[in-house]
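Order of writing sets the chain letters: A, B, C, D and E. Residues in each chain are counted from 1.
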Amino acid sequence: MQVNEKEFKPTIVAFCCNWCSYAGADLAGTNRLNYPADVKIIRVPCSCRVNPMFILRAFQRGADGVIMCGCHPGDCHYTTGNYYARRRMTLLFSMLDYLGIERERTRVEWVSAAEGAKFAATMNEFVETVTKLGENKRLEDLRCKEK
Amino acid sequence: MFKLSLNNLNDLFKAAAEGGALYIPADDGAGQARFTRWCDGMEMSKALKTVKSAKEFFFPQTESLVDFKMKGKEIEIIDPRTESEDFVVFGVRACDARSFSILDKVFLADPVDTYYKSRREHGTIVTMACSRPEETCFCTAFGVDPTAPEGDAVCYMTEDELFIEAKTEKGTAFVEKVKAVLTDGDAAPVEAQKAAVKEILPKLPLANLSTDSFGGDKLMELFDSPKWAELSASCLGCGTCTFVCPTCQCYDIRDFETGHGVKRFRCWDSCMFSDFTKMAHGNPRLTQLERFRQRFMHKLVYFPANNDGEFGCVGCGRCLSKCPISMNIVKVMKTLEGESK
Amino acid sequence: MQRIGVFVCWCGSNIAATVDVEAVSEALKSEPGVVFSTNYQYMCSEAGQNMIKDAIKEHNLTGVVICSCSPRMHEATFRKTVQGAGLNPYMVEIANIREQCSWIHKDKQTGTEKAIILGKAAIAKVHLNAPLTAGESPVVKRALVIGGGIAGIQTALDIAEAGFDVDIVETKPTIGGKMTQIDKTFPTLDCAACILTPKMVDCAQNEKIHIYSYSEVTAVKGFVGNFTVSIKKKARYVDTTKCTGCGVCTEKCPVKNVPNEFNLGMNNRRAIYIPFAQAVPKVATIDADYCNMLKNGKCGVCSKVCTAGAIDYKQQDEIIEERYGAIVAATGFNPIKLDNFDEFAYSQSKDVITSLEFERLTNAAGPTSGQLLRPSDGKHPHTIVFVQCVGSRDTSGCGKPYCSKICCMYTAKHAMLTREKYPDTDVYVFYIDVRTPGKNFDEFYRRAVEDYNVHYIKGMVGKVAPRADGTLDVQASDLISNEQLHISADLVVLAAAIEPDKSARPLATMLTASMDTNDFFTEAHAKLRPVESPTAGVFLSGTCQGPKDIPETVSQASAAAAKVIGLLCKDKLTCNPCVAHSDEMLCNGCSSCEKVCPYGAITYSDKEFRMPDRTTAIRRVAAVNEAVCQGCGACTVACPSGAMDLKGFSNKQIMAEVDAICK
Amino acid sequence: MQGKMIARAKELLQNGTVNRVIGWKAGDFAYDITPAVFNSAEELDAGFVYNDFCGANFSKYLVKESRKEGKILVFLKPCDTYSFNQLTKEHRIIRDNIYVVGVPCDGKTDGETLKLKGITGITGIKTEGDSFVVDTLYGEKTIAKADALPERCLSCKSKKHVAYDELLGEDGEVCESNRFDMVEKLEAMSSEERFNFWRGELSRCIRCNACRNVCPACTCERCVFDNDNSGIAQKAAADSFEENMFHIIRAFHVAGRCTDCGECSRVCPQNIPLHLLNRKFIKDINEFYGEFQAGEDTETRAPLNIFDTEDVEPSVVYEKGGN
Amino acid sequence: MSKVTKEQVLRSSGVNVLKCMRCGKCSATCPSYDEMEYHPHQFVYMVEKGDLEPLLNSDSIYKCLSCYACVERCPRGVEPAKVVEGIRNAVLRQSGMNHIKAENIPEMLDEDLPQQAIVSAFRKYKR
């Protein structure tokens, strides 16, 4: 069979905090809620563990979108982690936007352990957004794209 | 000697770019000049010098050496070199032109650096005599004549005309190639310009800079001078001087893991960097003083010691204008003058 | 280079149905460093675990990757497994190919490809894993129970019984909670007070139990085994050590018009009051909102009549700090407000009441001394309509989407008791479903119908309209006879939904315990760890976790106590070894990490170093207290030089995962 | 002012308050002034200058200097004092070993700025009133000081010293500054325009590290980009990504700590307007979390080391205008 | 008359009848209950079963006042009135009753009649 028309499948990296969002992702699975396989989750203890370096690294290595999920503000397992993460990501995303990187490629979403449905919905929506944007060209590293 | 009206410069470039790449100094949008691949209509910069020297045509800032492709546990080794295109670098000043002979001594000596050699073979250098030297120029101290640059072909630019003269086989080929846009030229305006510039040269503030205190035989006196401490005290350890220098030739070899394999590349290194020549055991030059000293000792002592007295500096003056703290080879030479007597 | 073994689990068909496990183990076999790769039906089974152990020994594995369910499920299991084979337990990484792969993808090719990538990411990470050793931290042998209802009381009694100190913090002036307001309990119809008050007295008398009544938790710091809690003791203007509870002040106080919350405002109390006769502690409290002395300095009657000299108008709120090893949330419930249910005329007619108000109307200590009288005119009601599911099972946004669980049974109880005491009364119960799972519950409900002739009607009340003659027109549907009924009722009782107490949400934030969208505390595992919060050291007791009746609440309370006792029995807790670590040679001494650490785990000190340039320097460097660090990683990002890194989730490990996923 | 400074420095050396002075040392031309440590009155007389070309910010040198034997005298211009405070706050300098004399500043220029104005072959510079009279190999040129100042001085944020042991001359005030104008202009562009703008600028980067090495906020014992163990070490911009990466991470690492002293843009041999990255963070911080000036004092927590429960969500980025 | 399907009714009403938990509050609240042969809860249940014929032929669809009390009170957000409306529309569209044609609208315009009403009537009764 001939594979016709190469459909663009984005690569999406999702950083999920262990206590809320990763559990939320598990719940989405337990409830059999579909979202695209383009999303790959990396477990971190807390959203405040996410270093801007990781996000840039993902783009360098070929990610088309990066999303960070954490506990809702105020519900952080470590009390304050997501508040710091929120400031860091706000500033980082604003900077990426300022440098002309499409702002829709980065996102933060707060997903609790009980919000499996929200997790799936968020991922569906994010994948759709990134798919529309197409391949990440503005923050790519050509060396990593050569196959 | 051929000439053409400056009004027709674009025609010359067009002819030169035929079947290959042409690089000319062009303004970079930030008020400075850099060698840029010519495209139709691009104008040549009026600046005396480009920020980076022309050495990158033969010794690029980063250059792939070998690619390793990994598939599972299999590794494939690939030579990434693809360049076969001939290119012309136009408008190289005398100082930069001299730097190529210095770099050749390093890269073309046994063992020959084939990456460098290949680029050197593909490149034709068309130089441009200086008409407005600046206060930072001191090429004459190193025996460079800015009015008579080396190169495959030499150009002189007067008010309204450009004169061109081939010096080598490659230069003749170049002139042949662009001959259609040239007319025969008379050497008189060129000589007049040379004379005018020669008038200016002695008036340059650094005209009297002397290399007498330096050379391959001055090693120990200079190495142990107590003055290195104050000279290096304010050095930031950045690589500006090194990266704008036409003769600095140190490089580092690094591996970049791409996810599908490894790209081994070399990139310019700077002796000013804290990890310069870092080896498995650590770093032999641990302080900024030692690294700072290395740079100047290399240019003024080690290089002449190994190359029949030829200094590793061409007096372009880039480091004088670009050092963030205005420390430079001239200040070093002036301070150390007399140390070796 | 690690020698890595890969183990792909089928999880029966849970994984194998949408992921080609054979293809996954085959593909991962060719990854650098992988020396062994296999798949098996149930990796978590004994046979599966033995397979891992054998492979570790046979192939000298230094790292293990297990492609299976979520690490939240079996990470601990597999860590123990590899430890059993002599490997450090932290040399295991789990690729979550069930919850995050096979269960969400339908297409086998998609699932398989993703599983391979997840496996590669885990392999990339395990390459950089290093053996970790867990430290230990001491356990403070004291527990805190927040909430003094039947749940809190039972938990506290059980913990105290095991020999540990336990404090109860209760916001009301007395412990006892909702159960004190209930008249009789189903299905046995014991008097609630008769079975509750002895427990309250036990609490007061048990020397291991300390009650902070009229108090609130204002801050929680620390972590399992070592919490520091700030408790605000609200000023009650009565010295509890002097007050004898004689009650003279509550009789002499001239302010008589304060709505009595114990009777849900159906009668009044004084500005100084003891909530009810069996209150524990039995001491008076001045209601500052009504007390003339506190409001304008004119009165002082209570002070004059108090022979014990217990009145202290100058008393201030006091905040104390106490350390605990474990915390139990037992914050309980409240009936919802009925503002969204105008159709039942609750706000328009005094004769439309809630079930809890009905309890007070039938209780001997209530406003009518136990006589069932209409609140409007004090007459005996002859027709009573009970409406179930008021605000429960409501997804329209007016009420609560869940079943409140207790209403069916207490409504049956109310109906039955009414018919028993007042056989001349007609009692109607409108129901959607009657839910009576529980021992002797259905029998109880059937007795109401069969023995007491309560009219159970399948259908809902649509409208209650007060009539001029003082009766209530209840318009309802009878679905079985397919008619619309109009009943002229004297009293309508609404079984209002229950909701978690409002104090639970801020408390959850303080405890960093998670909550569901209805503000019930979430349990660590819905089935297997129902009395623990996902936050270590925080336990759940009673209705704060979900709707429950009294027997269930008491069971859960005791279960929570058992968990607390299990924790407090330990002298030391094994710490999480995935903690931050400071590379002193890279540390700038800038204090950024110290500022963002929520646990105060980072300290700075001046130390002497041999520097790379052969000099000796005294530098200010950070050090992490591994027993205190909880491993959030906030410091690692605050640190610009990268001196701070997190063990088990290091920069390089996470970047290796990123690389593997993106390639 | 130069005379006053030399006299005061000599006094302080004489009375033992300090044992050395860090100051500006004259060079071969009018403009090539090098930071230097002066150990005696004689050395001061021989080379100490303070003129319109003394742009270098000495605060960073104090990281090392304040750890040496004895107390050092440093002359700080108003904007330098902000860096000084920031370094004090971060325990990077030992305040007790430093004697700070605040000196006034009307803006500092440098040889490169004059050359950008088309003045080349400079052999001498005189200050006449509000103008520079420049002798060149090709004749005399006059340029108004205001035209010869670099951007950082034209949009000076403060002429007030926020840290000193003593002041020479009058202290100034915090200025009304238009320093965010260019940031706003960029923000108003389309995403693609911004991308092209920055690609044009950053593609000139030669990774000489001058910006980092001069930056008073970049005082890491070892920079992550130099540390092979960090996982992101890089020596050259081997791909356009690495140009972006270096500058984004560097700006992020100094976010909330950068005082906007402008040294990065001053030293960039390629004239990349690096301050526009830092100012973006400063502007965002001001807008999102309230006005904050790094280095204003030595107590206030850096904006990234603190939070408010009501902080804006990262989605604020999408809600902004433009695209 | 072509057959009216359950799907058609569900689509035109936008109601998910599966949300119904059979409490009967719709019928309990219905002011038109006694007038109706089939009551709101029956509409929901019968549509769910696909038992449309009796509804299509019953007067009940015209007895419904469209007061939306049932919609307002339904604890599950089922919106029975919209189901009734769905059936009613199906009947009207099928039965060759007077439809509103676009060209007839101008003559209906009347100063006192809100244009909105005509627009909605048009939407409802156009063929």
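By our rule, a residue touches a chain if its C-beta (ideal position, glycine included) is under 8 Å from a C-beta of that chain, and two chains touch if they have at least 3 such contacts.
Because the structure is predicted, anything quoted here is derived from the model rather than measured.
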{"item": "Co-neighbours of chain C and chain A - touch as defined", "value": "B, D"}
{"item": "Most remote chain, CA-based centroid, reference being chain C", "value": "B"}
{"item": "Contact-richer chain pair [B-D vs C-E]", "value": "B-D"}
{"item": "Most centrally placed chain - per-chain CA mean versus overall CA mean", "value": "A"}
{"item": "Interchain centroid distance [CA atoms averaged], chain B/chain E, Å", "value": "86"}
{"item": "Whole-Å gap between the CA centroids of chain A and chain B", "value": "46"}
{"item": "Inter-centroid spacing, chain D versus chain A (mean Cα positions, whole Å)", "value": "36"}
{"item": "Averaged-CA centre spacing for the pair chain E and chain D, given as whole angstrom", "value": "74"}
{"item": "Sites on chain D at which at least two other chains make contact", "value": "222, 224, 231-232, 238, 304-305"}
{"item": "In chain A, residues with contacts to at least two other chains", "value": "52-53, 57, 61-62, 74, 80, 84, 88, 143-144"}
{"item": "Set of chain C residues in contact with two or more other chains", "value": "596, 638, 651, 655, 659, 662-663"}
{"item": "Chains that touch, pairwise", "value": "A-B, A-C, A-D, B-C, B-D, C-D, C-E"}
{"item": "For the chain D and chain C complex, residues of the former touching the latter", "value": "67, 90-92, 219-224, 227, 229-232, 253-254, 301-302, 304-306"}
{"item": "Interface residues, chain B side, partner chain D - complex", "value": "28-32, 34, 48, 51-52, 61-62, 132-136, 200, 203-206, 230, 233-234, 236-240, 242-244, 252, 254, 256, 265, 267-270, 273-275, 320-322, 324-328, 330-331, 334"}
{"item": "Chain A residues within the chain B interface of the complex", "value": "61-62, 143-144, 146-147"}
{"item": "Complex contact set, residues of chain D against chain A", "value": "183, 186-187, 191-199, 224, 231-232, 238-242, 244-245, 248-249, 251-252, 255, 277, 280-281, 284-285, 288-289, 303-305, 307-309, 311-318, 320"}
{"item": "Complex contact set, residues of chain C against chain B", "value": "30-32, 612-614, 659-660, 662-663"}
